[in-house]
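Chain naming follows the written order as A, B, C and D, and within any one chain the residues start at number 1.
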Amino acid sequence: MSAMTTQEATRQYAIRLGDDALILGHRLSEWCSNAPFLEEDLALTNVALDFIGRARMFYSYAAELSGDGRSEDSFAYQRDCREFTNLLMHELPRGDFAFTMARQYLIDEYSLAFMEQMLSSTDPTLAAIAAKAVKESRYHLRRSRDWVLRLGDGTEESHQRMQTAINELWGYNAELFEMDTLEADLAGQGIAVDTTALRQPWSAAVQATLAEATLAVPETDWSVRGGRQGLHTESLGHLLSELQFIQRAYPGLEW
Amino acid sequence: MTKIRPETDVSPQEAVFQTRIDAEEKIEPKDWMPDKYRKNLIRQISQHAHSEVIGMQPEGNWITRAPTLHRKCVLLAKVQDEGGHGLYLYSAAETLGASREEMVEALHAGRAKYASIFNYPSLTWADMGAIGWLVDGAAIVNQVSLQRTSYGPYARGMVRICKEESFHQRQGYHIMMTLAQGSAEQKAMAQDSLNRFWWPSLMMFGPHDSESAHSAQSMKWKIKRQSNDELRQKFVDQTVKQAEVIGLTIPDADLSWNEERGHYDFGEIDWEEFHRVINGDGLCNRQRLAHHVKAHEEGAWVRDAITAYEAKKRQRDAQAAA
Amino acid sequence: MSAMTTQEATRQYAIRLGDDALILGHRLSEWCSNAPFLEEDLALTNVALDFIGRARMFYSYAAELSGDGRSEDSFAYQRDCREFTNLLMHELPRGDFAFTMARQYLIDEYSLAFMEQMLSSTDPTLAAIAAKAVKESRYHLRRSRDWVLRLGDGTEESHQRMQTAINELWGYNAELFEMDTLEADLAGQGIAVDTTALRQPWSAAVQATLAEATLAVPETDWSVRGGRQGLHTESLGHLLSELQFIQRAYPGLEW
Amino acid sequence: MTKIRPETDVSPQEAVFQTRIDAEEKIEPKDWMPDKYRKNLIRQISQHAHSEVIGMQPEGNWITRAPTLHRKCVLLAKVQDEGGHGLYLYSAAETLGASREEMVEALHAGRAKYASIFNYPSLTWADMGAIGWLVDGAAIVNQVSLQRTSYGPYARGMVRICKEESFHQRQGYHIMMTLAQGSAEQKAMAQDSLNRFWWPSLMMFGPHDSESAHSAQSMKWKIKRQSNDELRQKFVDQTVKQAEVIGLTIPDADLSWNEERGHYDFGEIDWEEFHRVINGDGLCNRQRLAHHVKAHEEGAWVRDAITAYEAKKRQRDAQAAA
């Protein structure tokens, strides 16, 4: 890290957060016209829009810090799998509605706490993004928490599906709260969020929700990591071939 | 063709109803109305609702592939708006006593239709332009006219919908303009899309007035306010100029300005294609319906879960109150 | 057609046949590691390989006739949806195993008859391709016909699935036997196959198989067409974004 | 660690068996063999079979995206060969009394393992090179040694498999060579892939001899013919040179030629990672198993249909004969 300026570290940090938001927004957008009923279709689209909007803000900031003519779209459309640094939970295929909602809930709990911390970032752009995101995340969390309750404490089938989803997601939790030197250094400067500190309150909140939803906290002993180093599941590459098709097939044009 | 019933067999109630219509009063849900008026409206409004919902598919098809994040957000929001229009319209139909479940069931069973334009596929990004510009453009022409329709909830729904649609139409036109000003490949893509969507857009207004079922009675009841051909002419007149501005060519050798009529003359629509596509030969008929059925069926357990959860909650609340 | 040389018409014809083979081969290749049992996985891969191999022969011939430096890969990787001219049946998503096998059977019956005719094409390259393809198609047809029998006359579920598949495919049959002026002119010169003449024997063979498989011949009154004009179902674009990803993302390189 | 049982409690049958082994005779399916020999072999062969089958997934992942039609065909054929190896191996295990169904069930239940290398994802096209070059390369070193294994069907299976594997290894190396000679992006892609697959390939040979369970008894029974560390050294020695030829760098700062040993010295393997990945923390563990289970479950109705069809056919044949 000694060789990296704070500006470069911040730029990379913004790209990471942009990647998280874009990839999750993409997975949510896949629900469009596929939701269990029309009202939910619109609601999911809303959340997708918020996340893609968030990605645009982070990428725009990264572009500004790059200062080499790159735009928000450069980051979304012109990097391959190994350059994407989203945390793995965001990229997992959408699965069934229980899986999508379980993931959304785990991420919304995380995201709200994260953005509340980022409000006081010494980097004014990051703080400003957080100010917008925090309001969205409050709404997202209310919704996704409700769904965990409704599906967990609904029918036998919905309970089973929600429990399976939570189990399948559980090993991706750990990565949310790990920091490499880049993030630790930025956190030390008051720029980045110290995610290790979010773990305890997050766990408490999630456990309370699972209990209320009559769901068991998984006793899983596995955990998968790698997103921040560009190590992904195989699903991400397929997502990118879709996401980037036009820009790759017709490079360098205005749309 | 539905015949207008002669005045002689009109009941007193019906005469009053027609007087209100003639006076441009709006009919409201609790008002008396002839059964046929109700049925006709349910058919029309639910078809309109289904069209909004099925219409999410050809555009939804490009959300994951939109060429910029900005365009992606605009497209997502647009498709979301369409779903929202579907919701208003289902609600409007519900005020007439049709349940959403019944309407969806009629769609799945093939008894209710949706606009046949959505049986055409979206094959390139330019189609996101053409659909916004032409398909929403044609819809607006129709819907502006329906803002004055006689049934209150439907008329008010149209006011709200028209505002959003004209926004969509401008966005679609902007996509086409950008492509038309772009590379040779992009310009060709835009022209190709116009070529494919032009005639189907004209078909959206339905058969010629001389061939149109339901029309005469609908005009009398002011469910419809302008005829298919009048609306189609209006659409052609406004769209030809828009194409000229961005340098695209309307694919109609017979198109020419008629000074005398003050309108564009245009070529004959291929009604055989119209009927073929409506009756199942479009590239996407089966896929559109299958997509909707699949989402609906896969969502059944979720809807059941809500019902079960709400019941448990009511029971808990009742026990707490006891 | 008067403006088009025979060479140019033959080139376009070769591309059409290449497109049919590539797109079907792609759909078959999607089964790799997904088949109902291992032996069938290998068999499906074999058929996929034959079709992709066939595509390479047709595209190579088209490249030769183009004479402008294009290769077989140019046709596979550098054309967008509207330029692909495969008949629609080939592009439909793979569906369940019954759908894949029903389609394969309908196409194998067609393909064998087609290639038997192309053996006597006055164009020696097309005739040579047919000589190889005809042997493959005999094997393909034996296999896919067997599957129609086994699934049609197997369990209630397999019967139902196979009948559904046949019903869903039926409207795509008509296009197989239609010719535009390009093909009619080439057929007149003895170069292309007169597919209109294949319809009767094909129908008879298919009806006999369906009867043996205890399946009903659909009484369907719909038919969809457009492939030869580059009009497709929406699934093709997604297939291409996958198929072409690397060449689009890293253009102009050797692999 | 399995201990070699002292000679004293060896039965006469077992002594004869060991004499045959020592004389390099092949044991055949109908021959008497100790129960533990049988179980040990079933475990090893079925794990080997599962590895071939699960190994279809990381490469299958790139079939639809291969960059040229030629590479696509080669890759398809390769993945098909892997499935074929799985088949030989299942058959070899079946000669020992294990049914394919049982073996697959053991895989799905997590009782049987597959090579942990396949818990790593294939993320770029270069991985098709690295997997062929390194993973097949490592497999060959092991399998060449197993051509002399004491169980006849397994030894003969290995002969056949080795021929195809060495073909695959050359294809993989050729992909890497092409990339290493390509653009800067391609070269970086190749190096990145080597970086990711190098250490996991060394782990394929299993724990150090001093830590290896099953090994001593397996060596005595000549199920294994060379130790994990011997095989690993052989792989390192041959691969380092191959990397040099195409200008890629082995990601090991401790790698150096040891003149005295006549071998390369190399750095310590991260055994913690090895155990983490084997026990569930790899990027693809759950996905690999879920993929296999899903295909198997979705194929159930097809397998049932075959059974039903064959039964009907037998019945018809019997009636015809009666």
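One rule holds in what follows: a contact is a pair of C-beta atoms (placed from the backbone, for glycine too) under 8 Å apart; a residue touches a chain by one contact, two chains touch by 3 or more.
Keep in mind the model is a prediction, meaning the values are calculated, not measured.
If you take chain A and chain C together, the chains in touch with both are B, D.
Between chain A and chain D the centroid-to-centroid distance comes to 37 Å (mean Cα coordinates, whole Å). If you average the CA atoms of chain B and of chain D, the two centres end up 58 Å from each other. Among the residues of chain C, those touching two or more other chains are numbered 80, 237, 241-242, 245.
Among the residues of chain D, those in touch with two or more other chains are 65.
Taken pair by pair, the chains that touch are A-B, A-C, A-D, B-C, C-D.
Chain contact summary for the complex, chain C toward chain D: residues 22, 26, 29-30, 32-42, 45-46, 48-49, 52-53, 55-56, 59, 72-73, 76-77, 96-97, 149-151, 153-155, 157-158, 161, 242-243, 245-247, 250, 253-255.
Residue ranges of chain B in contact with chain C, taken from their complex: 58, 61, 65, 121-124, 192, 196, 279-287. Taken together, the chain B residues at the contact with chain A in this complex read 53, 56-57, 60, 63-73, 76-77, 79-80, 83-84, 86-87, 90, 125, 175, 178-179, 182-183, 185-186, 291-292, 295, 298-306, 308-309, 312. Across the complex, chain C meets chain A through its residues 80, 237-238, 240-242, 244-245, 248-249, 251. Considering their complex, residues 80-82, 88, 168, 171, 221-226, 231-234, 236-237, 241 of chain C touch chain B.
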